[in-house]
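Remarks on the structure that follows.
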């Protein structure tokens, strides 16, 4: 509790920031690198969260073993769902695919609401707090792992194949890239890390409900990815931090909080794509920018 | 007075300078050829003239009017047509709809129909395919459509970016005949061509572009006999 | 039993015709400006409040109030486009999507500040008697909504396909640069798209609150998403598709609530959507992509 | 046995018979030209050969292996690579990466190696870099390796597309109007490059082209397509003087 | 100024209070009120934005009325000190995620007791935190059982199952209804909580649930569910939901010409203001401990209407009562230390707007259920 520089309000944000980074980086793989708009990322998160929570609430293992198991199971289960969603992915793209991801998210939400062991709309509560701010080292490690693995992947032969699909899938096919396999792969890996993020989320908040993971949550993650820049992992990280902290910074504004938040969001998007920013980049940051593009 | 006058034009893509201070003129009734290697900046010049890219500095005048800062659609409605590089037909519209859009700035229904007949006569393939979606035309058919679409506006000046690209030899000849005809009917022509020989054949004057600068200019017949032009662009 | 089925179909038709109306405006902006306008649902909400202000606060008679509402929304739509979307013309489409989400939040929180969170009841301004067909009654409002939706659909189809302005819109949607080479004023065309789209949203907003008779700042969110789904189901950019998609969505929803499970109705509706798209990847009325290799 | 054997190939779009009863045999190592008027169906033939379109009838055999029914990626792995009439590069990727993607099936390492940078990663990546640079060098593009593909001028983009196709190590290379948009000098240079490619990479080449200088200059055998059917075929000096070809295609 | 022993915030429970006061002073002038001399800060948590915003706002406004009343009357006298009450209310968006930093920022600001949360879900996410901080927590309207499981937590409203039980008993025993249809919100734990118990008790009593129809958050069209019920032989419809849902349901039932009697849960309070025609809800009966038009609530209603130009609903009354319960606890404890306040809650009796309630260790407010019937467009307590 004696957290030094940070007060309690901001200490409470450490884990949510980590969760959002994991979510944004994993969604970036699908949206930024594969180039497919996904409106169902929260669905994978919910699969992970529920799987993890069911494990840690029903088992009697030492806490670290239990949490480790929850993480793996949550990630794997989400990846399995990523694979299932991958099937329509083979036939669809663009906005049609986006709507299917949204549909899957809503279907999973409805089913979680109806299954007997997920406790309906009351959700699961009393989930042990294995990943709250007192265990931020653990969360930190998971976040770093996510970032490193996805960054590595993107800069490999598999990652290049994924990026090529974004740029021109007809050309990708023509040079022998098994298009379907890589589309599914991106979804599966993205889902896996979203699942892990879900497990961390569940064990930080202690209660999960189906409504937490509706399309608004997916859109929140998407906002982070796009604001940070599609295909920029560094951008996702920075945007995750900004967008998690911002609402809390606006607390003082009371009634005007959401209004200000929306204005800041619009202004940031406009600035991000404006000539002013281009000028700034041209002036001194040009070299670095160029690297990012490559 | 020159019909189209470009003075000290400089154009940038981000930090890359594509056009490095170019001046040229096109007079009423002339056919002007613009030739140069890949990436010399020919397309960029045409795009700047019709307002698709804003210039950094310089002045563009059309019939005495400063059009440098004018929006693209206003420039076009002054009587300029542009056959863009890469054809850029409206893929999900039919051939006929594409042609009608070419006449967007015109109001006279009768005359539009007359123009349509004229285009069909020049490119019978377009009439055969008038209800096919433009995106499914073959490359050469699309090129004809782009050309026909530009003619539909009855321009006073016609800017063409590699109109012969992707056309079969028979149609290449056809296209140059059409350019000659159009010119004979009083339309001024600014022609960008890789096929420098054919272009110089029909042009009155020409400019040779090298990496954003004008390297040579003069009467087409003179340039045709210029040794360096022969070597660099005519493949002799 | 048969009466029951017919009644449930009519229920579906009622919600469906509202989805359809919203989807028309959605598909309009979506097909032409090539952006998912997440704020469309919130323009419906603004329309609903505008009507409320016109009728209750300004005491206007119904027709001027409706006109005022439509004009307000059209102006708002154009304004939003100018301020929030136009600067992003060259940005990737997803950037505009996010700005649209920002605009949606903005409109919701602004109306929360102005009108408060408590739902405001509002009495329908449309009073058309119900029609009795044998043992079933069709409410007057459903008929009006269907009629309005059909008229809008036909008008919009004719406008887009048969008029010069319509083909200019389609040209702009494909290639703004080439469109400007035709002498088309790209900015004005896009403004017009938003004006029409928002006008349709206003109409939808009016019928929506006449139907459901209650106002709150978040009222546009769910219909907005449903309309998006309907537009995709029908085929992006296809006007008749939007109408069919909307009505179908309403009917599937009501049938699955009635005969399968109210609890899983959403899952079923979305399941049907997924299946339809798997069978017909470009929606019911969507054109297959015209990209030629 | 010929490398490519196509028999009775045909396809329709709606009511339009775009290609009808198309038959061709290409021997290994040949430089073969496919010419014909606009809209004759040349690109469509390429699309059928590479699995983009599925023919309504006919057979395609590469080295005796059937290609009909395979998807484009499988066909590429069987040994057919192509370029496109309207250039299709990975625009947001660097020139080097454009070629490295195409090495996907040539130099392999596992997904785990990718994610965790296991030792094999650096070695294989280095190999790929080297191979890609070698190919780029043939086209004089090695100096531009780090440039984003969309920033290349048109002519170089065409070359990059050929380089990318070659990186898949094809037996048969299909080029759709490689000289379009090039001036005579550039075309002459391209002709040299194509010949060089054929010899150096040991591929068979089938190309579509409207530039008769190129066609006459490098093609060893020609087939002329008109309205989807074969009009003539033979060596260039015969075909290009065939009166039917002259009226339908060459003019004058 | 000197601080008296008893008035010092509990050292262990609010270690950050002093730092927070310092923090607050270098923030801008309008920053949240801090714990300080002779003020007792009540932290509030509830949704002020989003689709549940109306509940949070009602609670906040009700609490503000109470605080103004108390302060105007001189404040709360604890021992020798008189405290002015201050409300520091933060938006939790009814989200389990947002509520945590919101709560922590309250603790940064420094609070003496917590009024909240308004919704159950968010409340569950902070129960352990408030327990660790050892602070008195009273939720005005968090009705899930688990909200007050910890020793430091109490509530003003009924629990969900209790309501379900009370309504089942009322409908079956008092009204003699045997065949009942239910419409509930499947995505809301309040609604499902009541419905589960209700159906259980009805069955025990020999009644029959002839239809149990779900709807989702933000749904506005209930015609499919109603049509389904129409084709059963239901004698009444029970709708455990909030008043805005009830308004849609009753209006649409009316449209369809249905005349079955409606019964509701306490969320129905406010339904009259939400329908366009009171006839839609005529005869409906719901459980509510609060009635704005009742004589007992007259002063409150007048003050509330003057301040917010709206009729107070049950949430507002809950908020109001929460403040008075806190006041009573302070006075009884004779101290404002959290531990003392919590201890004082046991056995505390307060006669509030929502009825006379007595607290015990469990945290539940033992109070009688009252039923309201809508008659001639007015709410009225039922005779029984």
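Chains: A, B, C, D and E, in written order; residue numbering restarts at 1 for each.
Following the convention adopted for this analysis, a contact is a pair of C-beta atoms (placed from the backbone, for glycine too) under 8 Å apart; a residue touches a chain by one contact, two chains touch by 3 or more.
Keep in mind it's a predicted model, so treat the numbers as computed, not measured.
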Exercise for the section: Going by C-alpha centroids, which chain is farthest from chain A? Tell me that one. Expected result: B
Practice task
Report the chain whose mean Cα position is at the greatest distance from that of chain C.
Solution key: D
Problem - Comparison of B-C and A-C (more C-beta pairs in contact) - result: A-C
Practice task
Measure off the straight-line distance from the CA centroid of chain A to the CA centroid of chain B, and report it in whole Å.
Solution key: 49
Handout entry: chain A and chain E: spacing of chain centres that average the CA atoms, whole Å
Key = 35
Completion exercise
Whole-Å distance, C-alpha centre of chain B to that of chain D, is 30
Exercise for the section: Indicate the residues of chain A shared as contacts by at least two other chains. Expected result: 113-114, 170, 255, 258
Exercise for the section: Scan chain E for residues touching two or more other chains and write them down. Expected result: 48-49, 186
Practice task
Note the residues in chain C that touch 2 or more other chains, in rising order.
Solution key: 109, 112, 263, 266, 291, 293
Handout entry: Residues of chain C touching chain A in the complex
Key = 36, 38, 84, 87-88, 90-92, 94-95, 97-99, 101-106, 108-110, 112-113, 225, 228-229, 232-233, 236, 263-264, 266-267, 270-271, 273-274, 277-278, 281-283, 291, 293
Handout entry: Residue ranges of chain A in contact with chain C within the complex
Key = 31, 37, 88, 91-92, 95-96, 98-100, 102-104, 106-107, 109-111, 113-114, 170, 215, 219, 222-223, 226-227, 230, 255-256, 258-259, 261-263, 265-266, 269-270, 272-274
Completion exercise
chain E contacts chain A in the complex at 15-16, 19-20, 23, 27-28, 30-32, 48-49, 90-91, 95-98, 100-105, 107-108, 121, 124-125, 128, 144, 146, 185-189, 191-193, 217
Problem - chain C residues touching chain D - in the complex, by the definition given at the top - result: 293
Problem - chain D residues within the chain A interface of the complex - result: 50-52, 71-74, 76-77, 81-82, 84, 88-94, 97, 100-105, 107-109, 111, 113-117, 121, 124-125, 128, 146, 148, 164-165, 167-168
